[in-house]
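Everything on this sheet refers to the single structure shown next.
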Amino acid sequence: MKTRSLRGLLSRIRRGTLPIDAALERLRELPYEDLGFAKIDNHRELRRGFPEVIFGEGKTVPQIVAIVDRIVGRGQTALITRVGEEVHHRVRERHPGARYHATARAVTVGFRPRRGGGRPGILVLAAGTSDLPVAEEAALTAEVMGNRVERAYDVGIAGLHRLLAQRKKLRKARVIVAVAGMEGALPSVVAGLVPVPVIGVPTSIGYGTGLKGVAALMGMLNSCSTGLLVVNIDNGFGAGYSASVINKMIDK
Amino acid sequence: MKTRSLRGLLSRIRRGTLPIDAALERLRELPYEDLGFAKIDNHRELRRGFPEVIFGEGKTVPQIVAIVDRIVGRGQTALITRVGEEVHHRVRERHPGARYHATARAVTVGFRPRRGGGRPGILVLAAGTSDLPVAEEAALTAEVMGNRVERAYDVGIAGLHRLLAQRKKLRKARVIVAVAGMEGALPSVVAGLVPVPVIGVPTSIGYGTGLKGVAALMGMLNSCSTGLLVVNIDNGFGAGYSASVINKMIDK
Amino acid sequence: MKTRSLRGLLSRIRRGTLPIDAALERLRELPYEDLGFAKIDNHRELRRGFPEVIFGEGKTVPQIVAIVDRIVGRGQTALITRVGEEVHHRVRERHPGARYHATARAVTVGFRPRRGGGRPGILVLAAGTSDLPVAEEAALTAEVMGNRVERAYDVGIAGLHRLLAQRKKLRKARVIVAVAGMEGALPSVVAGLVPVPVIGVPTSIGYGTGLKGVAALMGMLNSCSTGLLVVNIDNGFGAGYSASVINKMIDK
Amino acid sequence: MKTRSLRGLLSRIRRGTLPIDAALERLRELPYEDLGFAKIDNHRELRRGFPEVIFGEGKTVPQIVAIVDRIVGRGQTALITRVGEEVHHRVRERHPGARYHATARAVTVGFRPRRGGGRPGILVLAAGTSDLPVAEEAALTAEVMGNRVERAYDVGIAGLHRLLAQRKKLRKARVIVAVAGMEGALPSVVAGLVPVPVIGVPTSIGYGTGLKGVAALMGMLNSCSTGLLVVNIDNGFGAGYSASVINKMIDK
Amino acid sequence: MKTRSLRGLLSRIRRGTLPIDAALERLRELPYEDLGFAKIDNHRELRRGFPEVIFGEGKTVPQIVAIVDRIVGRGQTALITRVGEEVHHRVRERHPGARYHATARAVTVGFRPRRGGGRPGILVLAAGTSDLPVAEEAALTAEVMGNRVERAYDVGIAGLHRLLAQRKKLRKARVIVAVAGMEGALPSVVAGLVPVPVIGVPTSIGYGTGLKGVAALMGMLNSCSTGLLVVNIDNGFGAGYSASVINKMIDK
Amino acid sequence: MKTRSLRGLLSRIRRGTLPIDAALERLRELPYEDLGFAKIDNHRELRRGFPEVIFGEGKTVPQIVAIVDRIVGRGQTALITRVGEEVHHRVRERHPGARYHATARAVTVGFRPRRGGGRPGILVLAAGTSDLPVAEEAALTAEVMGNRVERAYDVGIAGLHRLLAQRKKLRKARVIVAVAGMEGALPSVVAGLVPVPVIGVPTSIGYGTGLKGVAALMGMLNSCSTGLLVVNIDNGFGAGYSASVINKMIDK
Amino acid sequence: MKTRSLRGLLSRIRRGTLPIDAALERLRELPYEDLGFAKIDNHRELRRGFPEVIFGEGKTVPQIVAIVDRIVGRGQTALITRVGEEVHHRVRERHPGARYHATARAVTVGFRPRRGGGRPGILVLAAGTSDLPVAEEAALTAEVMGNRVERAYDVGIAGLHRLLAQRKKLRKARVIVAVAGMEGALPSVVAGLVPVPVIGVPTSIGYGTGLKGVAALMGMLNSCSTGLLVVNIDNGFGAGYSASVINKMIDK
Amino acid sequence: MKTRSLRGLLSRIRRGTLPIDAALERLRELPYEDLGFAKIDNHRELRRGFPEVIFGEGKTVPQIVAIVDRIVGRGQTALITRVGEEVHHRVRERHPGARYHATARAVTVGFRPRRGGGRPGILVLAAGTSDLPVAEEAALTAEVMGNRVERAYDVGIAGLHRLLAQRKKLRKARVIVAVAGMEGALPSVVAGLVPVPVIGVPTSIGYGTGLKGVAALMGMLNSCSTGLLVVNIDNGFGAGYSASVINKMIDK
């Protein structure tokens, strides 16, 4: 449609119904994307089937509901992160298909997980029990984006045998999300074991000097292993999103 | 060979020349990799053609030369990062094929860039002139790892038109390394424009509160764009390495 | 009146009714402003029509009410920032003209926005929805100070086309307040696009290492764009105030 | 010229010598500014007479010389900041009009200060002797940008009478740049005395916990005075630039 | 009494009723203070009339009540800092003379302020209204320690005339406690005006980067004025205590 | 049992019922510990009698109860740290032997303190009353691990005589845990007095710049005394655990 | 003289030779100190005999020499801190009485230490050998300001007996400067032993996390001892200055 | 001898040659250790054979030589840490037995390593080549203190098999010093593998956000493994010292 409006404008020039100076002026005022630059933003095509995401933290419930309405109205899937059960209740009143993912603290609308389906290749690891909310946010994001996600939780480095027992899953993965708080060493150890991209997610688990995940973040950034990429503290969504982008490109 | 020694041990059990208790004891003492766990470390196969890398900073010249000798002795390519011209001189005395990459401040031994060859798909962006050493370290690393690297430098966000003029390169990239100091906003803007993985590299360019790249690092970690992954400050090598791993997997 | 008391003193010297030594002593004890130094503080004249501002955070409701009484008693407009609805209720009991500005979290007393009136030239930009309270605090402050404020919200750099679509407003502005959390890159991009002063306001939006706005603040201070001035985190009032001072001087 | 090429394209459509589909394709590939967006970047007109600036720190002498050649070749004035005497020598070899400003540590090429001329209104204050390089960088920047700059140095708050003795200059200023290290309180005190915009520049003067100017920066950001805007530590250039932009707009 | 027990021991040696080896052993086991070292700790004498102080924050009400009982049982005055009204109620049930000082958030037991009495010389300054709790904690501490305290509040540097109007009090002070949040510049300005010791108390007032008083603390530590001594953030008690110690020594 | 399964596998090789290639494959897939590496993890033997520990903070009550059930089911003692009274109530419903240690904020199940029994040698010191929860967490941990723990509380360095009065206990200790907040100097002083290992535990006691124990932690890490080892802020459990490990080894 | 010019002005009013309006105008323009406000700055009288101080760090030798000339020309004593031997040589060329104090890294001009003379009461303590430069800067400052300074060095808390052996000096002191790096606990211990004001000076001695003295500074600010006042890292001059001011007031 | 002087004093009381009052006075003035308190400081006995240590960094060569002279004069072994070759040369001129340990950057005087001798049980691990100086400082310290030290270097977690190949050494150790820079995860992994005390030493290896070892230190403090104790960044000496103290106690 956008291309169409631009074509229309050019046609009117051709037909002589639009003077060149007026055309120049119109070109300058046309919305940006009409001029073709949006081609760079060809996300849409690539993302076909990708959900629209609402970062719920700090938004009011009415704000969230309004955005969900708009997304669902366009026939898209919605993923709302960082919200409690009460948001789910309010969304479900209007959209009965809304579903609450308690550990991930997220709501999905219009998301139907395919049994055994989806693109394989993403493995989500979590060091400890307290890292689960972030790990599940990453896993759910990847699932909503069309992946079949493997999980291996409670594989922190304080007991290496737990991680090494996951050899099979590690071998099959095409991209790994490794979630860890405290000293955040799990992604480093994993990146030393596998030849695929590892995305480290520091979590705000722990206390004392590690408070808020800075220790884990610094640990991951300063990893002595190569092949480790990092996202912000607790940013499970970002890790799941990037893992999905990489996995989709591998699959093409 | 490793598998062979384990097979030999099992054969001796089979033949009855090794008592089971002794075999149990031997199994416990065998080097780790003999037992098959090294399979997880199947880097080697994937990395075929990947160079061995020496992080030169803080190593003495004799130490570097000794390691290079060993690598070249195995017939492998060597990449030495963070070194000055004088290291090159010393290495070249023994290995005439050694080549100095001045901007990247790196030495390669046994690396023959293929004209127009290599795996396409990696684009390296740099915001400013001062970011070039880090950007070139990333680009060189990717080239040594078998890629044909596109570059677009001096495309910082203070003049958006410079970045937008790179539309063609942005469209063709499969993975982008975006290097920026100061406020480090380039990767955020790029990740908002393209649907492929973007690896942000903060540099220690700038002064005042941004000294040492912390401002740029924080900017990238807190990006409002999705699809942005981060490595440590000035870690051009890490970015080039991860980009190569991703690009190789896409290519398979 | 102050000048008068000083003139009186000089007259008594002239008339010989005040010995010179006593006059010297009196001069030393006179209030500072009587001596003319307050002339430096000629804010009052310039600020004619500027409101008195109460920073509400950390003040008790009775304290706020007492200050408002005093301001209104002098016939001035009052602006109370960082307060909730309940402060409004209490103030309105005594001053029926009090009005609550919910997004800005501010109360005004005696402020009558002029329809289409006021001094034009100030544009307030906000990167995301969560930046609105700070942006509205800036906009309201400027309005109470006699400006007609343009707004353009949700123009964060993750989708450049949204910002570029505001070309018309950007062209007309004489001073721009750009509010952004996360990595805080919006003011940098804007300062690269326009030739007028840009005031960046980092907000405490975001989580992880960016918590409390330090990442955004550092991003703005280390901007690679020239012409960017910064105020403290969440300091919408300060930005709106400074923008008004600049705009008034331009208008003179 | 840019507009001309776009007009040419439209003319060929009109004449029917360019098919519409080809025109659409061409429009997408035209450089950004040809499409009129550069209108936003109408810096050029406003900046008429503004110098091109080279941030010298971290650039090699040949790099600097090359850029100067290009600027002078376009007939523009060049300002090179953060450089030593030796850069001046090298630049002067090719451009005899190059002049070194020792305190500001800057070189200008093609800058001819107008005796008693220039736009009045900018006042640069410095708290202590060690703040002079930063203050002079600000003052020189403003002078090169066409201003006649007033200076008042060594007016730190440890001896208030020195500042108060500058009453006349404070009264006449339209925009003030206040440079201070240590605790950085000078801009706060000044912003409490005058009704015009004050730009605070923290300097990296001092030792102990204030090392690198962070104490001064935090002091200015947290000022209890309104009307204070801040730039990065030691960023004299940025302050002088913004002051000039504001002063030019006041003058229009 | 302590000296007495040691004298008794020596007497028994003299009388021959205690063998020398047993005496040696006893000397080693005697409580520390019996051996005269407590002479160094001759606080008691100097502090005659000084109250016992309980830092209430983080103590349970029963713990506080028990300590008060013990102090009052010894006939001493008690000062309990950082407590709410409810602690006062519980203490008053057992000690009717207990009194709550609301602004200082402190309880005193057995403290009877002497009308117009006490040692003169201490002046407590506060920059803003929000600094009052800390300033009052300092003032009350000094009063309980026997001083007659002058106060001058709301004399922050954003309006210098307010401070300069306090010339008389500044001239009479022998030691000054200057309390300030935000950028914490008040103590610097005061130390530049007076020739007596100034104790700066940073407060945790403000927001953004100054959160928790670190900006104010750094400002005071990096003061360009000489004669400024600093205590920890919000440590009104420590400032009042040290001021009292200095004032008592001046008075001797 | 694990060794047994490996022995079985070898027996089948010997008997020829398992082809060597299949055996190789099986060896690679066997759980890690079956292969004898768990021998390194011979914790279990050494720790005989050591409890299983649950870090309660951030776990839900049902999660805690489930883990306790599993531990008790194996006949082991459980120690739950960082929990309130309500966790005790819920655990006691199912395990009547559960006991709450209020100061340590911990629950034990199956722990029966031996009167006067246990391994002697551990001394726990606390500087102030507010450090007691952390000190008691350390002491309780050591007791549950089979030690008889000496305590000396309220021996902070503000009154050295209190510490020196503990000479007897200091002389008898084999390993000392020294808990301190504020400036955290107690462990330094103690390490200067005794020839045994001292474990310093910084606590998050205090306010202002010391908030959260960072000041105490830095003090301990930078101690001028030798023989001081440090654990994280508030990590009483870690200190008690390490002290127990050292004490057990001394006892062997 | 200043008073004289004001008196002259008043006399001319009295004589009728100066109209009142002109007098008003003149009063407004007179230098600040002429109006008597400088009375607050009655430093001069109190400081009689106090030297003028030049903070040498960051000043060029010619700058220093010029300031010394001016001071000596007024017949005053000069103290130049933070300078090397070479500054001494240059100053001595013009002022033969210049003397270098090597440990304190300071030069004095016109300072003649009085044998056994000066005001008694100041004690300077240093924890370790590396703290001597800062301790000597404090001691020299106090001596130049007319004090007879006691010293006790190498009394760090790692060996308490060294400090306790200084009982006599501790008892006699009226104000103590305690200099310490590393964890900076010496001032805390001392403030717990004596009833006089203690000024803690953190030094930038140590390495690792304590680098630059921040650990020592935080330790002193968070001291659990009352009566401790703090100056900035390495600020021996500030401590010696404040100690002198206090000691002079005690002596009056 | 000390006890003797006290006994002499008591004898004179007994004999009546010293009046009791004079004895009381003398007791108060006797050096601290004479009174038996030094018994707490029974280091000497335990440390028999322990060297005297000189922290060389920041000391001048003459200072070091003087201290060595004193130590050797007492017949003790000296260990000088953090010094270069030139210190060795100067010391060897006077003490021919002086020996330089290049990697550890230390000099020993009077230290004769016992071939195969010394107390077994200490294992020193280093993650990377750049950690060797710190690891060797720890190992040498332990050797000089009478231990036979095992070493296992280059066992960083980026290649787990290297660490796991050290199973035998890990099993035999009684106390382990684990040295690591970058993210500092080695000690965590080791503490999860062994049941003995592990002392983590962060090193200042790495760049970017990990600069100066803070990332490694935070990683170790926040370890999810129990049984890990930490010393300051680069503090190899402290780790070797504490390991020796623990090992000696185990051996008793």
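Note that the chains are named A, B, C, D, E, F, G and H in the order they appear, and that numbering of residues resets to 1 at the start of each chain.
Everything below uses one rule, namely that contacts are C-beta pairs under 8 Å (C-beta built on N, C-alpha and C of every residue); 3 or more make two chains touch, one makes a residue touch a chain.
The structure displayed is predicted, hence computed values, not measured ones.
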Counterpart interface for E-G, drawn from B-H, A-H or A-B and sharing over half of its contact pairs: A-B
Among all chains, whose Cα centre is located farthest from the one for chain C? H
Cα centroid separation, chain B vs chain G, in Å, comes to 55
Which integer distance in Å separates the CA centroid of chain C from that of chain E? 39
Hey, how far is the Cα centre of chain B from the one of chain C, in Å? 50
Using the touch definition from the top, which residues of chain E touch two or more other chains? 32, 37, 39, 41, 159-160, 164, 167, 192-193, 208-210, 214, 217, 221-222, 226, 232-233
So the touching chain pairs work out to A-B, A-C, A-D, A-F, A-H, B-C, B-D, B-F, B-H, C-D, C-E, C-G, D-E, D-G, E-F, E-G, E-H, F-G, F-H, G-H
Within the complex, chain B is touched by chain C residues 127-128, 156-160, 182-185, 188-189, 191-193, 206, 208-210, 214-216, 218-226
Show me the residue ranges of chain A that touch chain B in the complex, using the header's touch definition. 37, 39-43, 45-47, 53, 164, 167, 170-171, 174-175, 192-197, 199, 217, 221-222, 226-233, 237-238, 241-242, 245-246, 249-250, 252
Can you check the complex and tell me which residues of chain G touch chain C? 3, 6-7, 10-11, 13-14, 16, 20, 23-24, 27-28, 32, 35-37, 39
Residues of chain D touching chain B in the complex: 29, 31-33, 37-38, 41, 57-59, 63, 202, 204, 212-214, 217, 232-235
Complex interface listing, chain F residues touching chain E: 129-130, 159, 161, 164-165, 167-168, 205, 207-211
